[in-house]
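Chain naming follows the written order as A, B, C and D, and within any one chain the residues start at number 1.
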Amino acid sequence: MLDSSMYKDDIGYDVSELMEKPYDPDFADKNYDPKKPMQNRLTDLGPPHFAQFFPEVIKKNYGEWKTHEFVQPGVIKYTSESGDVCYVVRCGLPRILTTNLMREICDIADKYSGGVARWTTRNNLEFHVTDEGTLKDLIDFLKSFKHPGGSYKLPIGGTGACISNIVHTQGWIHCHTPATDASGLVKSTADEIFEYFGSHKLPAKLRISMACCLNMCGAVHCSDIAMLGVHRKPPFVEDDRIGSVCEIPLAVAACPLGAVKPATVEIDGKKVKTVRVNQNRCMFCGNCYTMCPAMPLADAQGDGVAILVGGKISNRITTPKFSKLIIPYIPNEPPRWPSVTKVVKRIVETYAKDAHKYERLGDWAARIGWERFYEKCDIPFSEKSIDDYRLAYDTYHTTTQFKWSSHTDNL
Amino acid sequence: MADLKKHDTPMVDELKKGPWTSFADDLQTRGDSGSQACLDLLGQLELSYNDKETHWKHGGIVGVFGYGGGVIGRYSDVPDKFPSIAHFHTIRVNQPASKFYSTKFLRKLCDMWDHRGSGVFNFHGSTGDMVMIGTSTDQLEPLFFDLTHQFDMDLGGSGSNLRTPSCCVGKARCEFSCLDTQAICYDLTMTYQDELHRPAFPYKYKFKISGCPNDCVAAIARSCCPIIGTWRDEIRIDQKAVQAYVHGELKPNAGAFSDRDWGPFDIQKEVIDLCPTKCMYWDGKELKIDNRECTRCMHCINVMPAALRPGLDVGATILAGAKAPILEGAQLATLIIPFIKMEYPYTELKEYTELVWDWWMEEGRNRERVGELIQRKGLPTFLRVTKRKPIPQMVKEPRSNPYVFWGEDEVPGGWKRDLAEFRKKHAA
Amino acid sequence: MLDSSMYKDDIGYDVSELMEKPYDPDFADKNYDPKKPMQNRLTDLGPPHFAQFFPEVIKKNYGEWKTHEFVQPGVIKYTSESGDVCYVVRCGLPRILTTNLMREICDIADKYSGGVARWTTRNNLEFHVTDEGTLKDLIDFLKSFKHPGGSYKLPIGGTGACISNIVHTQGWIHCHTPATDASGLVKSTADEIFEYFGSHKLPAKLRISMACCLNMCGAVHCSDIAMLGVHRKPPFVEDDRIGSVCEIPLAVAACPLGAVKPATVEIDGKKVKTVRVNQNRCMFCGNCYTMCPAMPLADAQGDGVAILVGGKISNRITTPKFSKLIIPYIPNEPPRWPSVTKVVKRIVETYAKDAHKYERLGDWAARIGWERFYEKCDIPFSEKSIDDYRLAYDTYHTTTQFKWSSHTDNL
Amino acid sequence: MADLKKHDTPMVDELKKGPWTSFADDLQTRGDSGSQACLDLLGQLELSYNDKETHWKHGGIVGVFGYGGGVIGRYSDVPDKFPSIAHFHTIRVNQPASKFYSTKFLRKLCDMWDHRGSGVFNFHGSTGDMVMIGTSTDQLEPLFFDLTHQFDMDLGGSGSNLRTPSCCVGKARCEFSCLDTQAICYDLTMTYQDELHRPAFPYKYKFKISGCPNDCVAAIARSCCPIIGTWRDEIRIDQKAVQAYVHGELKPNAGAFSDRDWGPFDIQKEVIDLCPTKCMYWDGKELKIDNRECTRCMHCINVMPAALRPGLDVGATILAGAKAPILEGAQLATLIIPFIKMEYPYTELKEYTELVWDWWMEEGRNRERVGELIQRKGLPTFLRVTKRKPIPQMVKEPRSNPYVFWGEDEVPGGWKRDLAEFRKKHAA
């Protein structure tokens, strides 16, 4: 059913020959001449064609799949019109991984899944097998495949009514703008809700995401539960440096609230162009710092984590939704962020107990009412959860319909 | 190996405990087996845990010749303490659509990355790239040379250009897929290599392709141009299989709820009543769907995948303008083209795309996403420039304010008026 | 139950004595001296106390009413805890009425309802009677009580699942900013949907409102169906007059879109301060004219009527909602506005046929989907119905959920 | 009488036809019986029907001594053709709460209005006033003198002041009412006479009072301060009467659907399933309500008024800021005080009101409604100035953007930072 013949001339259509050759560490040094960068240069190749990496059963049954079934949490059985069957074993994986673990993954794939591994859109790893015997062996193997510290290297799960892999961003391990760490916070949270990764006991899928700053590299803005790194101090300005490392007009234009204004100061008797920040107008978005390295915001006391809930992506039953900010700030508590993980777990458990089957977290909250959500999850309501940005009015309650709750009990 | 410098990392070590797969343990193992970069990375992370602040400098501009993206500069702000990660740039490598890999490919990639970088991956980045974190400026050109010559691979996007397109697993494995998601992803990536590698846009632009409205690649929340599979005809029903669900022979939702006792499957409660349009009917024997009222939300199909399937007249719904909050607040994408046939070479989609780009390059401000430009100029303007007929499907509901703009040509007599004539009739 | 004793000293607490005295046309001329305006002046009296006008049965049963029942369309029977009964006969009335009709109303009230008449919040008239015989006589009388032209002076109806009185504003009969007439358009529409005023055959209450300009003096912005006068030409500027009749800064500030800018022109060799309108930015709201008489917008070719639907006020089942603009413009066609009344009737009839019991028009449209609403009501969809004002984004469709309709049939 | 000048009004005459009560016929009759103003009014209306434009000039400022409102100036722009309506000012007279009138009062009013004006009423204006349209400037003071001395009546509001409060019929006749709507309306009107008559606000301010969430005076859409009755305890249920509805002895919704065959009453379908919170249960014998989940929408009570009644612990929900579109777009009012006991002299409400006014007079721009100021400054600011504790009931949902403002005092260490210290840890 898949016709890729029109791409035959693409250089990446078939890379099998290349892959047979081992990596040559000297190749570039021998063939690349920095003085003549265009010599022998290949550009705009694009990625290799996907189909060549498909397992055989997928090549054969592409577009012919008929149905699927979860054999157990983490294991999906696909059946084709042709009668062919393909089992998928899904495993958790941290996005940050080394060549060590990658090579081990290759070993497993070679042994059990025909030399193919796949990553999902949430950074889980998938092995495809076609017979039940291999399936069982693979599962058995993975159950005992552990890091020295005792954690499962490749925990099985992430299917059905579960919490799948927590998608996240770079954090202190690699980015320059984070207000919190990503990998550490996510590992801590995943440990806390681990039982929900490898089981099918939630009312629906529950997606947790994490982003380390307001840039939100991911779908944090539409997740059932999101952890978001937030700054709370305005940028300071390095007058002596800004002129040489930033374009001042760009720094000024960067601020969505116009809080950054050009200014001139005297340094050692010399007039120097710089900017000033109207701190009362700043909402700590960090966009000025993105544009200008001389305006850092990061601050141990200011930074921390906000919690958002109730977003979703799928169009199933209800339409996609934004996550809503329910806790504006929790301090950073490395390495285990206990306050964050505790509240996340509480939300998950309250939802698990209270929601209807098929009901996503945000739909549950909307059905019971947000006053009831706060009450049930025992989360204090903060003024900061009341919108006061551009489309704020649309979130105000313009009805007499509301529920009595702990918030009104002592009026 | 003998001169590996280990750091004292008591806090990071805490993250080796617990059941979830530990990145710290993996880094440690790799470090112990010879990578100073991994050890320094753990050391710097420990320092961040102490300081509660990042120790990476604001990224400098680095790259490979002729490309405007694909590499993110990164430098430690404590290079003396952690010299092997003083430079620690990111390489974004364009993944094969839907992310199947042969171990041959992966092993070779490991060989290269151990040779030319830190041996640390971010597999995959949020946009979809194979991300390799940690190399130095002098390695960039050789690395690119290796990638192209030894792998037939290329860099992904960064900067104000097309970003690496990505897609769900689609027809490769999923029976719901109404699109050849990978084929579309591949074709767009290949067609727009220039846009991907040479920044010419006001800001980033993202394509994501999902085979059906379950939207497993989160296109509707994260891409400037979500392409989402749908169908125009009728949901296919296997009435026998419906009976099998009703009688408990098949597990609802393929067994996705297996670890809890939700009671026996109740088709009325779990399907008919939850259908958002209430267009399904069940008389105990036959399931009927009024397909014209169906909004193809996928719920019934998800619950009974062995009995129900999307129709056969398939195509895509095209939306526009999703993005993260910076600057104007997050946006979900807006429905623009309700249905478009998606057949190679996807001419209609490409024509539409190029109209969007032309307008955006003309009107967009620096760092203004397409979604923000649509908000600023208004959806009606966007429809005009992209030559789409306005239809009610594009809105949740019609406007409630009466502030309508009329063009001079739309109003008889235009806007020239004769004051003297007016005052002849109406004394001031 | 009603204790008004604290208002005993208010001058309006009991006006009965005053009401016994006939109106003295010479009183003011005799007692008011324009040169001494403060002499004998009474100010800040406020309205008379309401309770003194209550019919006896209401005075007695205030706060004790137990239930009500519609005896027939337009007639409500209230029963009190005390066993007392009160019948209300509700009649349509144009808001614009003369002392002639008013005196006739008084005659009727004197004869049938103990000398009391009441107006509802939608400008209907109500008579209160306590026995069935009088009730019957009153109804019989009203049925034959007609204007010379044949219209019912006081048509009975306006209760239950009906279209009650069309609330409206001044129009060409009295206001300075209208883009259409009020009374004539409303009379024409009321004639067209008359059968729904005196019957209980709709799925729910259906409220029609009318406002003659964007000031919307009424609840047009939250009505099931609204007719709204709209301008479509930018104001012109009377350079020779503006300086003397307007405060130029106020005229400039009036424009929500900043389309009005100060300007200077030469008239007869003299420099004159005035304003200029950026016509391309104007959205014809008329606010500049409100502030400045020298900027008229009214224009026979430009003005007309927009139709909005789907608003509501009550908190019943669903929350209050804004009306949505579904037809941006229909030309003024006095005296009968056939294009407007035709489409209003079509909407009413489509709704009547299609909606569920208890379902308000806007809830119906939302349930079937707006694409289906347009299709069923046979109304062409206009680009102008797509919002592009401040909160526009919140009305965009951010889902793949939509229905196939006539709009997509020929894609 | 003999010199009545009739105009040829063929178009207006069309409006005498048809069943709905004809204002044109009424005006004509009054004109024929001696009012030149009515004839001229018809004549000018005919001219407007020809020209499709209004023939009223932009209102001039007229009024009575010491008051800043209550009169709207109005002049014909074709005074030569219609001299008797050359001046045609509006008088807004403050109606008695809930609009019951004795015929004695009405007749006397007619006498006065025939003497001092056109004899044309607008009964009532949208805000609630008895509106009299059509008199001349010289009649204003005598008319006011008559009103106060011969009627104990007063003018209503216009201009930038408190507008005439209005209310639903409430306990006078309606069994649903949780408030003495008239009493509140009267008391507010009397308490704030000064604010009503002497413009001191940035723009108009409106109170409206409805006895229950059916909101028969449309407060939530049209007033700056809607006061809407509600209850805190339990819906009162008469189970016998419920049975009577179920068995068809009582008509659902008091007979409001009598002219159509909707089939026999089905309590499950018509009440239980339509309850927005699904907090009602019916087992065929007893109706149960989980009152804590009820949002007091009134539906069940409306459907079965003889069986269900609001609770006994009654009070008001206070909202804020409804308005028509000019300038920023229409607003429905926002919930501010979920519950407040409403007992004379309504001290809590008045304290709240005065906080609102103080802030608005301080911060509001010229012609900025309270609702717009709340939008401009943000609801959190409004809550601070009115000393209300933020609670989730105030929002449909929590914010989705992360753009939170923090005060310097809320963040440990404040906003002073030591650049040198920072750079000691972080090389630039």
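We adopt the following convention: contacts are C-beta pairs under 8 Å (C-beta built on N, C-alpha and C of every residue); 3 or more make two chains touch, one makes a residue touch a chain.
Quantities reported herein were computed from a predicted structural model and do not represent experimental measurements.
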Which of C-D and B-C has more C-beta pairs touching across its chains: C-D
Chain whose average C-alpha position is farthest from chain A's own: C
Averaged-CA centre spacing for the pair chain D and chain C, given as whole angstrom: 11
Distance from the mean Cα position of chain D to that of chain A, given in whole angstrom: 49
Rounded Å distance between chain A and chain C, as computed from the means of their C-alpha atoms: 52
Overlap residues in chain B, where contacts from two or more other chains coincide: 51, 53, 55, 57, 213, 215, 220, 276, 295-297, 325, 329-330, 332, 400-403, 426, 428
Two or more partner chains touched - positions in chain C: 214, 216, 221, 285, 293, 296, 299, 311, 315, 320, 322, 389-391, 393-394, 398-401
Contact set on chain B toward chain D in their complex: 51, 53, 55, 57, 77-79, 325, 329-330, 400-403, 425-428
Chain C to chain B touching residues, read off their complex: 214, 216, 221, 228, 230, 232-234, 236, 238, 241, 279, 283-285, 293-294, 296, 299, 301-302, 306, 308, 310-311, 322-326, 328-329, 365-366, 368-374, 381-390, 392-405, 407-408, 411
Footprint of chain A on chain C - complex, ascending: 315, 319-320, 391, 393-394, 398-401
Parts of chain B lying in touch with chain C, wherever the complex brings them together: 213, 215, 220, 228, 230, 232, 276-277, 292-297, 317, 319, 331-335, 338-340, 375, 378-381, 383, 390-406, 408, 410-413, 415, 417, 419, 422, 426, 428
